[in-house]
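Each of the next two complexes has subunit A plus one more chain, namely subunit B in the first and subunit C in the second.
The block that comes next holds the complex of A and B.
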């Protein structure tokens, strides 16, 4: 029983972090129909920024989120203006190619700046755990989960309680209708992309504490994050959150009860099952293209 | 809209392809910059593809440094057969397909005179087949998977002391010979699915099992595993006395950190590869958590082997780092082996390269790792050194004649030890 509770807790804790990492990806897709393959590289970039700040001024890596998030927001905005804006309206496959190219360029730049070697951020609590009875809760995961919950909660409030959030949601649901009522859809797209990258920034700071990373680590993340977004429903932040928690628990349970060698297959199995059973994902809605006759 | 999207698709595809090609095949031939310093003879081009980016970038970079030190020292001493050595090094991005393309390009495009191997069994398995097809001698600085040597190849040689399945022999035999009250009873073997780590871990398990140490956990995880907490927790649930972690670098750090998080300290801990990365290992898991970790290693900075002192000094001069990574030393040794057979046979002609291989099968070569010799298959016939982290410093503890310290820390004692 202890083993089961332990597995569940480990899965939920890491699932919460996954949710934050995937939120920007699904937000960007929801509004812009851009499949952002570069999302993993944004995470790693934020992890490197966290590393630099941590080594330079010894600021707690989770507090660096206050710095990495605005920096990544600005970076996202700039990237939108320079590159992503140009594929607005183009087919979705163009966004895959463009963002893959961005990921490769970023990987190269990170290699030049920080070197192609493994980096680790080790605050004093990186290897410590809280203990409740026989169950342990790694402190880094608990703090990461808490920060993820705060950032996701803020994102949710922005989307549901502010004019900007309503404009973002309106642009996602019906861009033409949003434009008719005075929403600058292109401006909203720029903001959304920047917010999505900023969310990756916050996630990257957490990742830097949890795992060692190097410029090529983004490949490990993007497949997992895409599967979370597909499971939750493309474009749905609530869906991504539920999908992330399910995936986190599924991975932990696979490691414990089946074999670690099957754990990395879990995201792909998830995609396979979702496509077979519920192509729009848990919380997604069917797009017009989905019901068009073949 | 259709036309516009098509246009952008084409631009995007071309851009991405260009970037991919650039990222995967980027030449980096700076190692040969010293080649044109007045020698009349054309430089001797020696090609290698290394994982400078991606999963194996850590050892790949170290191997590149080792090759560069070797080339610099050879050139300073007048070159190889009177010709300056020019390294042509490509980045295979830790990818098996790219490494094959790279070695094909080195042979047919760059027209290199000689080849040197890449890092890890995973990449040397396909890369060595390219060399064999072209009948070019292929000295690999890493790549000890025993399957590499049962393919009947004539051109491959491994420039370390033994194949992976024998890497932990010295340590495993030492463990089973411990007094009854100190000897562990149970062992766990979490292992990366990798052609180097798996046979190493299995080789150790065979000896320990024979010695009566029961296996309570053996599981394999894939290379893209990032979260080790659940694996560490599963190991903890079996409560083994001894853990043999079959790891490369990234996963090795992740696993050790996870062990600390789940608050599990086995009595004994042996880990492949990662602990040999010196400061980077200590930085990754915290130097206080390294105490007592055992590992096999091919090179010691303090060894009195021929040329070792000069190699260490040159490495420190060129790269400004005190600690020499093991993979840099292995790459240097691969260069020494190639140099020995070329100088003995006085040829680098493509048609003569099988002769270079025949010579290695019949002769022993003195290297900074000690004397190396090979059987018919190119598999080396020696024994590894066993290292142990002691008070934040990697020491050689076995075999006794090569030890850099008199004492062995009896067990794994993270957090400063008790």
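The block that comes next holds the complex of A and C.
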């Protein structure tokens, strides 16, 4: 029983971090219909930035979020202007190929800058845990979850309570309609992309404390994030949050009850099962594609 | 590019000859190695081109089939001690089986989900190869038996078997593109739902497309593994193999026969060069990633199509194009008398319902279309007319209700089966296969499914003749060779009509045939509908142009909020208070001169 509770709690803690990482991916898809394959490489980049800041000035890695998030926001904005903007409205495959190309280039750049070896960020509390009864709660995971929840909560508030959020959601639902009522849809797309990348940045800082990483880790991360958004329903932030928690628990359960070496297979199995059983995901509705834009 | 000695053919011939004699005249093993690897990637890219270039399904996991083939050969050859080459065809079968499994899952996924699935497929195989140690020896990999032939033969067996496989792959690709199968794949790439409504059995096409894109790649993978004499999960299921294959196809030109080969023979030398001069690794990532970004942004169609276009436009400079030409509005024989009513009901819809979330787009619609009639379905915007069409044509399933056609219940049938039964439909916003020519568009519909048909010529002589007749009928014969995307909206409507006539439908559903086209064309459209009707075709027409509808159709059905609220003769409908209230408006009064009525 203790083992079960332990597994469940660890799964939910890491699931919260996954939720933050996947939110940007699903937001970008919702507004722009772009599957950002580079999302994993963005978070690894943020993890490396965190590593450099932490080694240079010994700032707590979770506090570096205050630096990595704006840096990644600017990076996302720039990337949108330079590249992503050009394939808006093109066939979906172009955006997949382009963002995949960006991921490869970033992987190469990170390899040149930081080297292709495994890095990890270890603050003093790295090996410490809270204990409640027989259940261990590693401090890094608890803090990571808390920070992720705060960032994700703020993102929610921005999306639901501000004009920008309404503009983003309006553009996601109906770009023409949004344009008609005065929303600059291309401006919103740039902002959305930047916000999505910034969310990956915040998540990357947290990830740097929880997992070792190297430039090539981004494949594993993008696979995990894709499985979350497929499970939750492409474009749905609530869906991504639920999907993230489920995946976190599923991975933790696989580690506990099957074997750690098969835990990496969980996201892929999830993708296949969801696509076979419920292709639109948990919270996704089937897109109504029959209505022609007038 | 016609004639036996066109420049294109000459280049291909010379390149093939050079490829075949190279190992005989040079013993430079460095270049032999480079060509062998290029051949492997070329086979991969030619295969990928079948499903991605023709069928439009972009895959980031094509390299998985190389890996599957290599592992098949490695596992069997280390356990069973007979000639290693025996396992090469079997590796093709294994790859084909896996492709079919992938295809089964892909039957319900498109676009974004499909790409995600291909990545998952590749990585899942990598994990299985890593963890299933008893079969694959895990991360340590499998070392293969060394080749037994005389050193004097160098790598010739690898070289020539791969060259032969490439030849076979190209032959297959060439044949596919010329058959109904290839045409169906291209139709799917252009518009999968539309392809289904004109009789393309899309799941079968998709599955076969997947298998065709994998079999030779699996065999090439087996030879590749044997050549390297070592397979391991990291090397064989490396996503960069998939990237290199994909990049080869994109760079050379997707959807072309030789583009993938050209791409492979450009990328692999570049890859070797960067490995030798830039230390590989990160430089290779930068080159692949950078090149892919450049191709997507600046050369999206690839080298061969872009070059062809350049040459074409140089040849055509100064000659006026056809697209702006006027329609051939021939004088037609006087409109024929409408057919005698048979008294039978051709289409009957009972209690049809369709919900989108909380919205009831169609809410218990019931109506009948008499055989031999031109029936109108009118109603305000959002009343569910197009959705009713989608439910009748099978583009989407109804929540409840029945659709009976010609004495048969069809609401459970797939769109292509409904097309075979005799239902043809056009779309409000025309949906032609944009990158096909007008003629190909008209020939694309299929009146039935037979396995043999897949291998039949894409455009047979009799079909071309029939298509030209139909194009002549709608006044678009001169445009037969144009790309559909170049036509105006009105012209596209005419071609779409000719396209579904190819199905010989008993019932034609027209979605706003008079919407967005000029008055002369509207009149012409009315005449054509009358003429077809006189020859026995029944029509169900959704239209907002009331003079057109009231002059042409009888009976008229009125749909409002997803329900049929009235039906009757045009003059009854015009005066029906319910219809005036829901749709036409109190002040509706039809001018005496009805443009669409010429009889």
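We adopt the following convention: the second predicted complex is superposed on the first by the 287 of 294 C-alpha atoms of A that agree within 3 Å, B and C clash if a C-alpha of one lies under 4 Å from a C-alpha of the other, contacts with A are read in each partner's own complex, and residues count from 1 in each chain.
Rule of thumb we're sticking to: a residue touches a chain if its C-beta (ideal position, glycine included) is under 8 Å from a C-beta of that chain, and two chains touch if they have at least 3 such contacts.
Remember, predicted model here, so these are calculated numbers, not experimental data.
Taken together in the superposed arrangement on subunit A, subunit B and subunit C clash. Once the two complexes are overlaid on the shared chain, A:212 sits against subunit B while remaining clear of subunit C. In the superposition on chain A, A:98 makes contact with both subunit B and subunit C.
Once chain A of one complex is fitted onto chain A of the other, the partner contacts of A:227 are limited to subunit C, with no touch recorded for subunit B. Of the two partner chains, subunit B is the only one that A:256 touches; subunit C does not reach it.
By the touch criterion stated above, A:140 is placed in contact with subunit B alone, subunit C being left untouched. In the superposition on chain A, A:275 makes contact with subunit C only, not with subunit B. When the two structures are aligned on the shared chain, A:173 is found in touch with neither subunit B nor subunit C. Of the two partner chains placed around the shared chain by superposition, subunit B and subunit C are both touched by A:116.
When the two structures are aligned on the shared chain, A:87 is found in touch with subunit B and with subunit C.
Overlap of the subunit B and subunit C interfaces on subunit A comprises residues 86-87, 90, 93-94, 97-98, 100-101, 104-105, 107-108, 111, 116, 215, 219-220, 223, 261, 264. Listed in rising order, the residues of subunit C touching subunit A in the complex are 56, 58, 60, 105, 108-109, 111-113, 115-117, 119-121, 123-124, 127-128, 130-131, 193, 239, 243, 246, 250, 281-286, 288-293, 296-297, 300, 356-357, 386-387, 390, 395-396, 427-429. Interface of subunit A with subunit B (complex): residues 3, 6-7, 10-11, 14, 86-87, 89-91, 93-94, 97-98, 100-101, 104-105, 107-108, 111, 115-118, 120, 122, 126-129, 131, 136, 138, 140-141, 210-212, 214-217, 219-221, 223, 251-252, 255-256, 259-261, 263-264.
Of all residues in subunit A, only 29, 33, 35, 83, 86-87, 90, 92-94, 96-98, 100-109, 111-112, 116, 215, 219-220, 222-223, 226-227, 230, 234, 261-262, 264-265, 267-269, 271-272, 275-276, 279, 285, 288-293 touch subunit C in the complex they form. Contacts from subunit B toward subunit A in the complex involve residues 1, 4-5, 8-9, 12-13, 15-16, 19-20, 23, 52-55, 57-58, 60-61, 93-94, 190, 193, 219-222, 224-227, 229-231, 233-234, 237, 249-250, 253-254, 257, 260-263, 280, 283-286, 289.
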